[in-house]
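Think of it as A, B, C and D in the order they're written, each chain with its own count starting at 1.
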């Protein structure tokens, strides 16, 4: 499955990009995260939430979305 | 004692004036009020508070002030 | 502590949106501020027994009211961590849709402004000797009562 | 009930005092309104380990954030008796002293605006995927965290 992953704020500083497309066979968010932690070693030191198709989800959630986002702590306003 | 009495809002509508000076021998606010109730019959149907030298006072208070005001319900803002 | 003389909070006629915008602008040099909270009282065109309110005419016991506003101001600075506070109230005729009360508080943090603004507005409504005469479209009137 | 498409709440750069004044002006035709309450978030020049914040650069997950703002808006209209509500948030660089958040609620009565405004501002801070990078005067930076 081809998915788009978006990175924001200090997560984008770690990945050095705002967005990428990856081909994955992961069935759950947690598996996808394992792959990303492999790719970006600094990621495990960072605090973030995950959105799937613009909804916050837990890592046990099934990977179903075309768009995954890694969101550091919100600091609007 | 010569005192200035100020009237506001609907009280001024009853007295038909905003201010007057009266000579009184009243020793307490209540006595002064009796005199005003005599002079302005409609006054007893009205709801108001009394300020003496710009401080709200009870009718049992001693008349000491040079400036008495009859204040209908506040409706600022 | 220095004793401050009460300021005059009264403005003749309605408070304009330009005046409010300009007041906001003037606070942009105060870079310790993180949060502003503004209350605006606007004259409502209430419908009472088939008659519409066209305007409110405000009068006040001005000296006493300015002292009351001063006391409210001092109490708010005492209770809350505020950087600035401004209060303006109209006198005279303010038409429906126009603004008659402008309260502006600023603080490093938002918690303080929420608490302070409500405290100040409620105190003004309860304690300031200001009197509003609601003038209907047919020129008759009634005296406003705060709830 | 019709389904409303999320509006775009984002503005490029700071929110000007003219924009705010003009927004207030536009509400003067709505004569059922008795009370407005406005929250403004202003960039604070915090001093952190001897370095001063010169600006905050905002980014957002825009589509998700607009949906979040939309949901907050719907929830507020559901909970409180509001006539109007407007939310604007900056993107990009906002310098210390400039305004980055403008929330404006209006109602016939003041109780509703006090409750609604605090609800909305707290929900924005907690739920909107917006990210602030605090840029110091020496061009170094740190990521802002809401409290």
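Rule of thumb we're sticking to: a residue touches a chain if its C-beta (ideal position, glycine included) is under 8 Å from a C-beta of that chain, and two chains touch if they have at least 3 such contacts.
Being a predicted model, the structure only gives us computed values, none of them experimental.
Shared contact partners of chain B and chain C are absent. When chain centres are defined as mean Cα coordinates, B lies farthest from chain D. With each centre defined as the average position of its C-alpha atoms, the distance from chain C to chain D rounds to 23 Å. Chain centres here are Cα averages; for chain A and chain D they lie 27 Å apart. Centres computed as Cα averages put chain A at a distance of 49 Å from chain C. Counting partner chains per residue, chain C shows two or more touched chains at residues 41, 121. Pairs of chains meeting the touch criterion are A-D, B-C, C-D. Touching chain C in their complex are the following residues of chain D: 17-18, 20-22, 24-25, 27-45, 96-99, 106, 108, 110, 113-114, 117-118, 121. If you check the complex, the residues on chain A that touch chain D are 6, 8-10, 51, 54, 69, 71-77. On the chain C side of its complex with chain B, the touching residues are 41, 58-61, 63-65, 67, 89, 100-101, 121, 124-133, 143-146.
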